[in-house]
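We just call them A, B and C in the order they show up, numbering each chain from 1.
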Amino acid sequence: MESISFKPEILERIIPDVSLERHLKIGIRSNQRLFDEFKNIQILSQKSSHLLTTSYIQNGNTLVICNISYGITELLGGETPEQYSSVYPTLSISRGRSGAPTDEEMNLSQKLYESTLHSRILPSNSLIFKPKVMIDDNLEDLDTNKQFKFNLFVNLKVFDRSGPLFDVCHFALVTSLKAVKLPVIYLNDSFVKLSIDNLLAYPDAELVPLRLNMEVPLVSSNFGLYNLDEKNLIICDLENESEESNIISKVNVVSDGKAFNEFTLINGSLLNITRDEIKSLLRTSKQRAKAINSV
Amino acid sequence: MLLRTSVLENVDGSAELTNGRTKVLVSVSGPIEPKIKQELPNLASLEIILRPSIGTANTRENLLTDKLRSILSSLIIRHKYPRQLIQVVVQVLSLETDAVVINNFENTVDDLKVFNIEFTDIINCCYFALLDSNIFLYESFIGVSQSVSEDKSIINTPELSDLIHSKSHHLLVFSIVDSKPSKIVYADSKGEFSKQELFEVMDNGFKIAGANFTEFRQLVEKKIEDDFVWKQEA
Amino acid sequence: MNTDRRRILGPQDARIPDLGISTNANNSMDIDPAGFAAEKRSSDIQKMFMKTNFISNANGSSYIEHGDTIVQVSVFGPRPIKSSFIEQASFSVECRFLPHLKQDDALDIDGDHHSNPNGRTGLSYTEHKISSFVESCLVPSILLDKYPKSTIDLHITVIEHNSESTSLTNLVNWITVASSLALVDSGVEVRDIVTAGHIISDGQHVILDPIEPVSKRTDCLVCFMNLKNEIVGIWVDGDLDNLDTAIEECNKMSRTIRGNINSYLLST
């Protein structure tokens, strides 16, 4: 019988586990990156207006467009909000289908929601305000006990997915939050009833940057752990089908370069993970966070 | 902690776990015939359904299901059941945050729910339900939760009020070999913490996992004793 | 409680406020369309930026920037169908605006601009209208019978569009051009590349590729396959006295665009 040989990219599609192992054995990855090399991540452009903040983020080939808009709610009497708030993210990954959000889209949105809350970057009192009132073309303080709150709606659109998306979506979200500016909210007239239906965004005053409990943007990094010849290989920033579906021991770390805000480990292949390995992951994450924030 | 096993008649294994104000019921059916699209040629496929105590499952439950799937699929010996399906249904019966839902502070509740306080109990209840169903496992497992308060002290099995005032909170799942914790299967740490704190939490988690598993083992031993009705007469 | 259990939409009663009326006209952040228009001669076509083949998990992709408009198109296909045998490929177009974009008010029947836009699920009336227009313009150009048992799906994303400074018709013009480019990029066999031209006319004067919004004027968009001078689609808003002139002017513009596309494709 004749043996059949396949090109590497075809082998990767038909037997991804074998393709992955062969690559790693000779010390390379199918995406040509080094084991400890992350895809480049950068903000392409960012702008902010009275009703919307938009960022374009590129990570490798992946492009993420992040839009943050807001809605206003009235705080009910007696309602004391938690010290920190979150945002309300929705996410869609362009992959040529339409319909209800997929599990991946739902899980990413929920992760971003939980992450923002637990990282304590968004203090509730940055979002709470008292509206002003327009009297004779001048904005004046309104005498009221009513309080209102901005609710941030985040929409992420992802083009050209090639690997796990949490890192880039997280980056898009936090860097966009840094750019959010909120307008002064006012009533047009002192005779109008004070309710959310009558509030307007004031177009002439300068926008106020959103106050965050975050000096530098948090950075999320992901790693895969793969057992090769009884040793654990650490592979940074998984990409491509073969790595994503066959490296099932994964770690995700969120750091600001000093401390950590998130550490998630899923040991899918029940590896013996040593303390030194975890230390090295934490160190790399810190360094990456510092490097990205120093650009 | 209160545990009852084999509580359901029409499934292969089940367990009900009550821990404080959290009550969880888990059923396991399998190996059973999968739907064609679920079938895997050399592995058992895993279907996990999580139902909350109030309302319908939303993105939060979806994410919990996803986490639970990755934990269980690494521990069940799936290649023992090729082309088969193992179905795990988790029904949360009551939750500490439920009282708040009734008081109707929606936003606050959403914020409180993200602490996922029932998740450790779900994992532990799954362990007993899987044992009850006689599904093969690589290793036993146990979930423990901890929180670190502002004064840097570690609280084991924190309650909701502890979590709200904590600086960080940590969920760890260890596999168990010879009644001792062996590997970290899953870790989920959120909040603000240093490297040192993370390792302290891991060490402490290792300890309490060992201690708690002694209790688990007694429950399992008692269960085996009860299940074997044809005991040899002394 | 939110009824949508697949999306995180926040409190249901949250309301997006309107922007108050500025008392200081110069302070307006928006580009003044009139100032722009003054620089542009009526026969000019505005500058545009185009790019293809930048999305690796689609078969073809294109990106166009034109004024305030940014459009992205991905082609998925030919892909196999799951259902029973069909002799020729089925072709579908789905156009979506990013949720926060304000769509044409006049066409938007369910337009509630005050609730969280991320909760919108189905296509809006505007999106439907654009999708079916683009679909009917492109179908004649594709050799569908070359691809039995397949579907070819075109996904259009309107990334930026300012409904106050650019008319819907102008947007559709550039969507059509972007879609043709993406089709070429995908390698699907086509008879010709569909390009379009857009004019406004007040009966006497004709302006090509107008950037100011239409008011009481006629707005005409015609799509062509220029090789044989065939018309594949016409979109007219308002009364048109002289259809011939309008078509002629649109044809001029579509030929210019076609020339640009040709040289772009040859250079890539």
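One rule holds in what follows: a residue touches a chain if its C-beta (ideal position, glycine included) is under 8 Å from a C-beta of that chain, and two chains touch if they have at least 3 such contacts.
To keep track of the chains, here are their UniProt names: A = Ribosomal RNA-processing protein 43; B, C = Exoribonuclease phosphorolytic domain-containing protein.
These numbers were taken from a predicted model, which means no experiment stands behind them.
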**OP:** Starting at subunit B, figure out the least number of steps needed to reach subunit C through touching chains.
**Re:** 1
**OP:** With centres defined as the mean of C-alpha atoms, identify the chain lying farthest from subunit B.
**Re:** C
**OP:** Averaging the CA atoms per chain, pick out the one whose centre lands closest to the mean of every protein CA shown.
**Re:** A
Original post:
Hey, how far is the Cα centre of subunit B from the one of subunit C, in Å?
Top reply: 50
Original post:
Counting in whole Å, what is the centre-to-centre distance of subunit A and subunit C, each centre being its mean C-alpha position?
Top reply: 30
**OP:** Among the residues of subunit A, pick out those that touch two or more other chains and give their numbers.
**Re:** 106, 109-110, 113
Original post:
Listing for subunit B: what residues touch at least two other chains?
Top reply: 59, 62, 107
Subject >> Residues of subunit C engaged with two or more neighbouring chains >> reply: 6-8, 11
Original post:
Touching subunit C in the complex: which residues of subunit A?
Top reply: 49-52, 61, 65, 67, 69-73, 88-90, 94-96, 98, 100-101, 106, 109-110, 113, 134, 137, 151, 153-155, 157, 159-162, 185-186, 188, 196-197, 199-204
Original post:
Residues of subunit C touching subunit A in their complex?
Top reply: 6-11, 13-24, 27-29, 54-58, 72, 74, 76, 79, 94, 98-100, 114-119, 121, 153, 155, 157, 159
**OP:** Would you pull the subunit A residues touching subunit B in the complex into a rising list?
**Re:** 79, 81-82, 85-86, 103, 106-107, 109-111, 113-115, 117-120, 248, 259-273, 275, 278-279, 282
Subject >> subunit B residues within the subunit C interface of the complex >> reply: 55-59, 62, 106-107
Original post:
In the complex formed with subunit B, which residues of subunit C make contact?
Top reply: 1-2, 5-8, 11
